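Two complexes, one shared chain (subunit A), two partners (subunit B, subunit C).
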Partner chain A sequence: MPLDTSSYTLALLRLDGRRWNELRRITAQISTTPSADGSSYLEMGNTKVLCTVSGPIEGQGTRERDRADIRVEIGVAGFSGVDRKRVGRGDKRIAELQSTLQNTFASSLLTTLFPHSLININLHVLSQDGSLLAALLNASTLALIDAGIPMLNYITACTAGSTSSYSSNDEAADPLLDLNSAEEQELPFLTVATLGGGDEVAVLVCETRVQLGRVEGMLAVGVDGCKQIREILDGVVRESGKKVLQSRV
Partner chain B sequence: MPREVGPSLNERQFFQQALKEKIRIDGRNFEDFRQVQLEFGDEYGVSDVRLGKTRVLTKISAEVTTPYPDRPFDGLFTITTALSPMTLPSFSVSGPPSETEILLSRLLEKTIRRSGALDTESLCLLAGKSCFSVRADVHILSADGNLVDAACFGVVSALRHFRRNDISVSGEEVTVYTLREREGVPLSLLHYPLCVTFSFYTPAPGEEEMVLVDATQLEEHTRDGSCTIGMNKHGEVCQIAKLGGAPTDAVMLLQCANVALQHVLKLSKIMDEKLAEDTKKRDKGGMRAELSAENARITE
Partner chain C sequence: MAPSSTQHVLLSPAELSYIHASLSHNPPIRPDGRSATQFRPLTAECDILPGTNGSARITFADGTEAVVGVKAEVEKSRAPYQVTQDELIGGDGEAQRAGLNEWVELSVEIPGFRDDDSMPVFLAAMMSEALLADGEFTKRLWINRRFHWKLYLDILLLSPPLSYPLPLLSLTAHLALLSTRLPRLKSELDEDPLFDDDWDASVYLYPRNKQSLLHRPPVTLLVMAVSDNIIFDASKEELAVADVVLAVSVGERPRSNEGDMEVDSGKVRDLRLLTVRTVDPPSRLTSSGVPNVLNTATGGTAATTTEKASSQREAMVEEGVWQPPRGGAKRKLIAAMISKVLEQGGVAEEVMDGLDGVELG
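For the complex of A and B:
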């Protein structure tokens, strides 16, 4: 189904009524699974991800000696996409996502405080509607904060794209923030994650062909979106902290 | 399966000290590639790429098969990578593919397959019934860092070099001619994507971050982060993969993309030159003009 972009040129509104720089509705909760050390549930629009963290726990035969090992496992539910599809564990795309998350958090968590240990991050994707890697990174950040694992700063991520599809090649293409799956299938986009909402990019993944000139715009919009998401997630963490303190009193 | 042994403490410290003094161990500049050598085999579709001590052999093969039912107008194109214990003892043939192999295979897939370098519609013979299945087998013979760039260069040059069997379709029947009956037909490639990998080093907090292009094995082991950018010579970015690692300044990444374009242009030129050389070698006694099916254009 070709994306009907005529609404964009007429009213500067996307199919779901957002403007170019508006994020989808992001809701998150932490401490959703009391049995795990840390847990979170995150919704970015219709993309829903559940995350549990256990660690630091004793690591058997861990790779690194002087720091904690991070293991990530992602399970995608068969009902998460439009068609029911059973995704096996050996899928290379999932393996790449796991590897990305592992490398990202290995740099942002203070793993040298826990030598010979293991931190397990388990993610379940319940519904996919674009921005999958971004949602996984954000949910993991929240769960790691809930587990109390020390880190340099939040790792927040979002997607950014470009309005016209590749072929039209016009310089007046606007960058878009936070794409849903219909937009991701048609338009070039990238996923960017920053450390602490600043300008330092931890993850940058672009899998679509795009003119080099447009990458700068998309990256700038993406980095700004990450800053907004950091504020939202920080609010969630502080709310949760307040509730814990109030229940103690 | 033994674990991969990283560099010794001495080597690590030597490398980091040299880096602080802006010296690279093999004497290159920070943005220089190693010497690239490209050779083609006697058979069409075989390319041997040497990037310093890294050596990658790629073979392209094509056979007629049935297309996927949900894509009746597209042919099939797969890229398989083989990392054997011959390169490094830590790679094993049996057992699950290692992380290096998965990432290499994914990067090649994204750069070459997903970006549509090979026009799969041109591989279709009879819609829904038969099509060509092109297969690229990448064999890493020697690993000294930067397998991705070398493998990508190898696959693209092998694809350009390959000649598939000529076919003729009459009604519902497809006749496939052998290479002896009719000259092979080159594959329909829309663009030639190449990869450039950057490695990032933060020597100490507060100090300026350093970027190296085309890292050797030692440089790869000691890096803090890396980013692979796949581009073609028209300035289109086919993929960017900075999969975690230490955070890097966004402006630095954009600068890397510009540097990548320069390298891709250079590498494309090397590929063009080598292909032209190979064509000349095969064009014994000017037979190419005789064998070509194109009509001479007569303008009155």
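For the complex of A and C:
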């Protein structure tokens, strides 16, 4: 339905005026919450996520002895969707998002430098319009950088979809970059995250059915999108660092 | 998410008695040099979430931050249990407007606390109590006899609660309600509600005329007292030595003539008290100091059993040795605290004027 309008068939423009390989407007700021060790605020289109990181702090009975434990908590605000919907923290979908983030950062952060300690990542979703997992990963990366926790590289994420539904056989199906919520409801899509904007995929989540032949195209477009996002996020971090240095002069 | 020990202020009995003594002074000497009624700077912004009917975010000077989003939905009204003759005849529209408390749903989310923990539940109950106390608010949600607006206020505390979060959450909710807009009603009387699609034509929940607001949502302030001094906007350290802490909710009486109050209204507000709640001050959880006569290290004699130790300690009131406050507050002190909040040109007016000045997007 999002692509049924004449604008797509005639000019290959999506409902919001983007082409197949264009990202939405991405803005981010770090150090937004001075009381936390690290914090960030990220907007991918209308998806707005706020992240605070505290750590490494003293762990209490942490599971692993030789590395830091990472705990992720996601709170989705009741006003984040179009209709007001209160989601409790025990929700299965939220639990899965938390566990995905936990596993991702357990491998990219240098946790062996902080044995017996705990790193808390607290995320608040203020507005949802597609690419939720991607926004959560990007915001967490920025907040962890702001907290000064050593890591191998940026984890940047974005979504990629396909214009075909899983049953159609047409060869003219295009991959799409960065879907909003209307597109996510109708089209197959996946979320991919890379380490450092290169070709190493750190996260790949696909919950919709899609023909196997389409996956490679979607993945390629997604990885390219991650590279673009890495440049944007790196720019934000450097800008913020410059400001800090200038204020100390 | 931080461990709970960081929520208690780590001050020794000597430091506690020092702060208590300086706050009992006349005029009180506060650790950061403010006057008794001076607030710390805060940043406030409105309309930050375009997907909501109203939103606000306030950051206090100590780094605590809160975001509030207001969403409204049209809901079918339940038929009243007893329909009186007057209502059947369909009398004056204004007289029939009555709201129900269930049309407002308020929820508070605090990081590190579950939804059914006592703190978020208690804070939500206190704030909705203040909002619904005068019955004026729910009247605004009435559309016609068959439909009404259901308002959802979601209050998020973004930082772990360093000090008692009630005033921060209340101010943010107040600001969010001020910025709340509802679509303009196009239908008439009791037919199915039809609204104007143009968001620019939307109506503020708290309408404003050229000068100022005609009626404002309530505000809850935390007031504390040490000896006879009444202190506002207490920091963590000051709360740790408080004798009495009250949460006072203040509202405004709606103005009767909406037309000709422009010249002589000026800054005079008709404030009225909505609710008062006592808050158990964190000073009760502090440990007391040991006076020299009971300390063997300084030549005194320590008691042999714990019962003797506590009874000796209770009997002794030595200046300069900290003891957590016991018992309640004098009635005169409570009355003085409440009237200090409500007085003309006082703290509540200042807070409301300040919030009114925040530019609405």
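Definition applied: the second predicted complex is superposed on the first by the 243 of 249 C-alpha atoms of A that agree within 3 Å, B and C clash if a C-alpha of one lies under 4 Å from a C-alpha of the other, contacts with A are read in each partner's own complex, and residues count from 1 in each chain.
As a working rule, a residue touches a chain if its C-beta (ideal position, glycine included) is under 8 Å from a C-beta of that chain, and two chains touch if they have at least 3 such contacts.
Owing to the predicted nature of the structure, the values given are computational and were not obtained by experimental measurement.
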Clash or fit, subunit B versus subunit C on superposed subunit A: fit
First, second, both or neither for A:V215, with subunit B first and subunit C second: first
First (subunit B), second (subunit C), both or neither touched by A:Q60: second
A:N120 touches, of subunit B and subunit C: first, second, both or neither? second
For subunit A as apex, the angle formed with subunit B and subunit C - C-alpha centres, to the nearest 10 degrees: 110
Greater subunit A contact set [subunit C / subunit B]: B
Touching partner for A:T47 - first (subunit B), second (subunit C), both, neither: neither
Which of subunit B and subunit C A:N103 touches, first, second, both or neither: first
Touching partner for A:S131 - first (subunit B), second (subunit C), both, neither: neither
Minimum distance between Cα atoms of subunit B and subunit C in the superposition (Å): 14
Residue numbers on subunit A that touch subunit B, as the complex places them: 63, 90, 92-93, 95-96, 99-108, 166, 190, 194-195, 199-213, 215-216, 219-220, 223
Subunit A to subunit C touching residues, read off their complex: 33-36, 46, 48, 50, 52, 54, 57-58, 60, 71, 73, 75, 77-84, 86, 88-89, 120, 122, 124, 126-127
Subunit C residues touching subunit A - in the complex, by the definition given at the top: 1-3, 49-52, 55, 62-65, 67, 69-71, 73, 107, 109, 111, 114-115, 152, 154, 156, 158-159, 162
Complex interface listing, subunit B residues touching subunit A: 3, 96, 99, 102-103, 105-106, 109-110, 114-116, 224-225, 227, 231, 235-251, 253-254, 257-258, 261
